[in-house]
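I'd like to ask some things about the structure below.
By written order: A, B, C, D, E and F. Residues from 1 in each chain.
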Amino acid sequence: MSEPTLSPETRELLETVSVATLATALYKRGLRNQVIQDVRPVARKGRNMVGPAFTLRYMPAREDRNQLVEFRNPKHPQRHAIETCPPGHVMVMDSRKCAKAASAGDILITRLMMRGAAGVVTDGGFRDAMNIGELEMPAYHNRPSSPTNLTTNEAIEINGPIGCGDAPVFPGDIVVGDDDSVIIIPAEIADEVAREAVDMTAFEDFVLSRVKSGASIIGLYPATMDANLEEFARWRTENAR
Amino acid sequence: MSEPTLSPETRELLETVSVATLATALYKRGLRNQVIQDVRPVARKGRNMVGPAFTLRYMPAREDRNQLVEFRNPKHPQRHAIETCPPGHVMVMDSRKCAKAASAGDILITRLMMRGAAGVVTDGGFRDAMNIGELEMPAYHNRPSSPTNLTTNEAIEINGPIGCGDAPVFPGDIVVGDDDSVIIIPAEIADEVAREAVDMTAFEDFVLSRVKSGASIIGLYPATMDANLEEFARWRTENAR
Amino acid sequence: MSEPTLSPETRELLETVSVATLATALYKRGLRNQVIQDVRPVARKGRNMVGPAFTLRYMPAREDRNQLVEFRNPKHPQRHAIETCPPGHVMVMDSRKCAKAASAGDILITRLMMRGAAGVVTDGGFRDAMNIGELEMPAYHNRPSSPTNLTTNEAIEINGPIGCGDAPVFPGDIVVGDDDSVIIIPAEIADEVAREAVDMTAFEDFVLSRVKSGASIIGLYPATMDANLEEFARWRTENAR
Amino acid sequence: MSEPTLSPETRELLETVSVATLATALYKRGLRNQVIQDVRPVARKGRNMVGPAFTLRYMPAREDRNQLVEFRNPKHPQRHAIETCPPGHVMVMDSRKCAKAASAGDILITRLMMRGAAGVVTDGGFRDAMNIGELEMPAYHNRPSSPTNLTTNEAIEINGPIGCGDAPVFPGDIVVGDDDSVIIIPAEIADEVAREAVDMTAFEDFVLSRVKSGASIIGLYPATMDANLEEFARWRTENAR
Amino acid sequence: MSEPTLSPETRELLETVSVATLATALYKRGLRNQVIQDVRPVARKGRNMVGPAFTLRYMPAREDRNQLVEFRNPKHPQRHAIETCPPGHVMVMDSRKCAKAASAGDILITRLMMRGAAGVVTDGGFRDAMNIGELEMPAYHNRPSSPTNLTTNEAIEINGPIGCGDAPVFPGDIVVGDDDSVIIIPAEIADEVAREAVDMTAFEDFVLSRVKSGASIIGLYPATMDANLEEFARWRTENAR
Amino acid sequence: MSEPTLSPETRELLETVSVATLATALYKRGLRNQVIQDVRPVARKGRNMVGPAFTLRYMPAREDRNQLVEFRNPKHPQRHAIETCPPGHVMVMDSRKCAKAASAGDILITRLMMRGAAGVVTDGGFRDAMNIGELEMPAYHNRPSSPTNLTTNEAIEINGPIGCGDAPVFPGDIVVGDDDSVIIIPAEIADEVAREAVDMTAFEDFVLSRVKSGASIIGLYPATMDANLEEFARWRTENAR
């Protein structure tokens, strides 16, 4: 599981497509469970979060191992993860879909942003969410959760394979988030999926413009009538898509 | 179950009352479960959605029946429903309270709006919710859901009786949504309930104005003291309610 | 369980700290479950709600005891609670974590505000939430819920010990809510916790300013390096914290 | 809320009817929520549990108030409740539908039996359930739960009105449990409901005997054909029902 | 959707294989969701239930349409379904995964058995479950549920496509239940799946006999070592499988 | 995290105490979450399961990585785990509390038993549960689950730290299961906890014998009256406890 790279070209393409379109592109390949279920932006950013996954896994906290003193350990996995997540990556946290206590708070998430991360996702909740929402870096969670993460979470593994919101996440998989949700693209197919999604987006934009002009979706979406395919070809040329 | 009609007068009345007030009017008639549970506006509109219900029922998707190619069928029930929902109606989708995959996306919902529908409700989730929220037509769901609807939903029946968010919905029942939630009024009693709710709203507005002036609710809400009923009569005259 | 008082000094301190910080201060004392789970502001206020708890307990409604006529009783516990909650207090409602029907609506909550309450919390939902959100007084709930409270809730006890969102609440405990969530501080330790939280907040603000300047969290948060403690001392002086 | 009495005659009648039949009798009176949801016998007894409700309410445990030392207090509400529940009564525990920690264990439940109680119900779980199931006294819960009750439960009130499994329970209401589930009959109507349920049971037994002989349910259940009513009259005479 | 037939040969084969084996056979064909989730035998029968599906769909009950008097209608869909389910079929009920009120009781289920049905499944609960469990005909549900079905369920459609426990069910699909759970086999592939499952069962029985003799599963299950395939061939001959 | 050992003495002691008693012993040490929530015996054994934990972690299955062909890999983690779990150990599976698909089936569990394992626990479900329940080796799960584990589970890690039913489990921790549930004892304190639990059990047995003779629990449980402590001392001598 060596770290794949995300080419600048693919990153740029992925910034222009929606999670919904990517979900359909993966569905075509038999992948049905790549959208992280039941997470949302802490605050909407109006732009995509894109980057390779850098993962952190939490397990249920055992009280004797999770006193506040633990954070004094410079190698505490939660803090160590924050300090080692590579720039441009998205930190993805497996919090066992439990938002009863925090996955992290604003100090750690701000540090993550300062270190150049592209974003952060947890299937639990962030404390200080009101502050995290105001950061420039996108963050996604289930809901605000103010109790310290020690209450229920022990950070146990950095950058291994995890589940997040019932989606499988391998380190280096490409994470894309928009104002609706977050999806995980297997690293091996990120380039081709990105290109395909850009084409699909062009078609969807064409369809939407036609629908807004009063066209029926029958024969247009999908384009079972040849006339619509020809019109789409013209539209692409005219709109440089 | 012939299609009842919604008179322009009743529609107008229903645009001026809240779902909460309607819920109480139905409660008086022994109807306790008409509010669709756990749906919310994709985006708040500051006005009511009103119209007769046109329903669509989803069942769990069987993989061999739900490949992308299905959408090429011009009679595919999901697309056919969108193209046959009468103007002024609200499309209500029974998605079995499951938001793991989409009930529909922005292209279909935009088409529904272009065809003159009054709104759309699902007890699942919409993909492209960020776009659907910006449409003029109101839409209600549980939460954004980006996976294509084929992942878990097969549209199986148009305009039959359904459940939506644990509420019973018959085609032609009157649907009213405000910035809080959505309620189903049985078609047969929509006119009388609308009139009663307008009266109740007048009284509630009167009470609220009195409460804001410092009045106690005891004897006022409900108006067990005659003085309050007399004052309400004056208030109605003065305020042309 | 005599009514403790909240000193003006402590109230002022608690207006300046976050629920997250208070949660950590209570965690140090072995209290892990004081944050009310899964409630949120009806509308964000940008300031803290602070006050002693005045409680109301609901039990499941039995239909013969919960017809609309019950509200004509001037001693109906729900209305009586609204009219007896002392100024400056926060009304906390145990709605058994059920938002299928309302805990209260805008008329009652407005009256509560007019009587000088500091806020209101339910682990169910409010009807007329769109109006309650516009009141100056903060309100917290799970989600909007339009059905009248009689549908599932009977108000049964005023100002006894309750659970709210799985947190234990005793009358007179100090309630603090921010734009993320709500916490319950046992009355006996409110003063010391408030002071400690103010100190913790100063340190967190210092850390955040350092992190925003590019500092690593290792050695800083917590401050295991002496240099950071010295810098913090200087920062406090310079910033009059 | 003075303690009503359960006459020996009514107790005897209630020992011969099922919870299902009682639920229908209450449904006729507009009471739809009297069955305690999602509890089951710790072990099936093949006979009914019948008795007036004696209630115990738990609230979420606050750690500083719920150390093992608390049990040394002879007036600790949990132990005090066990020692004061009147003979012939059923102890009903409001455990907030949470089985993460125990509502009680075998020592307390054995003591309750020795004191002559008719049974015990919790909407949480019992520890030592394997032993409790072997007692002669019936017990109902959600599932076995081994953690000590202090972990999440503080006994806070004896014999007040409570919710149990979403059913409203007032002290003195009549509790009936069979091998399927448990129902709460309001004390005021227990006598008439018991008599009616006995008649209904006779009819159901008659119907079942006819169905087992090959009869259709149409016209028989309910008995819309007069011939069936006449036959039922004969059957009652012949079978001394 | 004409009614397919189940040949006596296929029925016989399906009586000898487990739901688990059938689930794997369907998994090979891309069908992942055919097991009805979270239902169990009312009582274990030690033999399989097999038959084509005859479906009944419930919607949420509207109070004015669901009084006890409704059952006097000889065409009431619930009773009509019981009286029209063909012999040898399994009645499958879509109760919207809600066991708060009954899907049916012992009188109806006994009548269904007398009419020759092969079994019954609901994703809700049965009342009189203690009696239904003693019938010879297999029955599956989520849990006992004593309230009359009118409380939350209105029978609305007979023999249409439904969901049951998140599995898609079309009339005529082949239903197989064992002591663990229930699966739905699409009618078109029932014959081939039955034959394949019988072969798979033979292999699994062979493997189990070898494992019980101490063999490792590596190379044996699946049989990647040729020796094991040869041994299996011998075993089939010797055991007439 | 080197493998701790379980002494024969401690194993023997742990075979004589209940999970409930162990839970209280751990509660005294501040450990509140060591009972695995919501698992139960596949079939009751009437004796304890005891052994050090050998763990297996599942993550959500990605379809392209989880076809049946994967099982041909002799190093597939699920099969490899079965073949490497040391004799006397309990295999504990983190199935993310999801029983929609199996954690394992009877062939693998039988092999595990043949290799000398002391038992197996999953917070998901077993397929072929009806067969697994008949094995001599104890097994615990949430409920039977017939779909092949590939449907939702990919075995990803052997013998790392995991969560199981919200309890933290480290390899080598001591697992004890009785007919009610399963608990995890941190390896470091297993010896002392075992000894303490044996003493507690003696006292509980003494108390139970006294309660069955009619004694009150006040002053006896806990033994705040000296007379009871003296009587207990005599009882221990007489009963050789």
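Just so it is clear, a contact is a pair of C-beta atoms (placed from the backbone, for glycine too) under 8 Å apart; a residue touches a chain by one contact, two chains touch by 3 or more.
Values in this document were obtained by computation on a predicted structure and should not be read as measured data.
Relative to the C-alpha centre of subunit E, the farthest chain centre belongs to C. Note: the chain lying farthest from subunit D is A, by mean C-alpha position. Between subunit D and subunit F the centroid-to-centroid distance comes to 32 Å (mean Cα coordinates, whole Å). Distance between chain centres (mean CA atoms), subunit A to subunit D: 50 Å.
Centres computed as Cα averages put subunit A at a distance of 39 Å from subunit E. Among the residues of subunit F, those touching two or more other chains are numbered 32. Interchain contacts give a graph that is no line, ring or star and is not complete, per the touch definition above. Chains that are in contact with each other form these pairs: A-B, A-C, A-F, B-C, B-E, C-D, D-E, D-F, E-F.
Touching subunit B in their complex are the following residues of subunit E: 29-34, 59-65, 96, 154, 156-157, 160-163, 166-168, 186. Note for the complex: subunit B touches subunit A at residues 68, 71-72, 74, 79, 82-83, 99-100, 102, 105-108, 110-111, 114, 127-130, 143-148, 150-151.
By the touch criterion stated above, subunit F contacts subunit D in their complex at residues 18-20, 22-24, 27-28, 32, 35, 37-38, 40, 44, 178-181, 183, 204, 207-208, 211-212, 214, 216-219, 221-222, 224.
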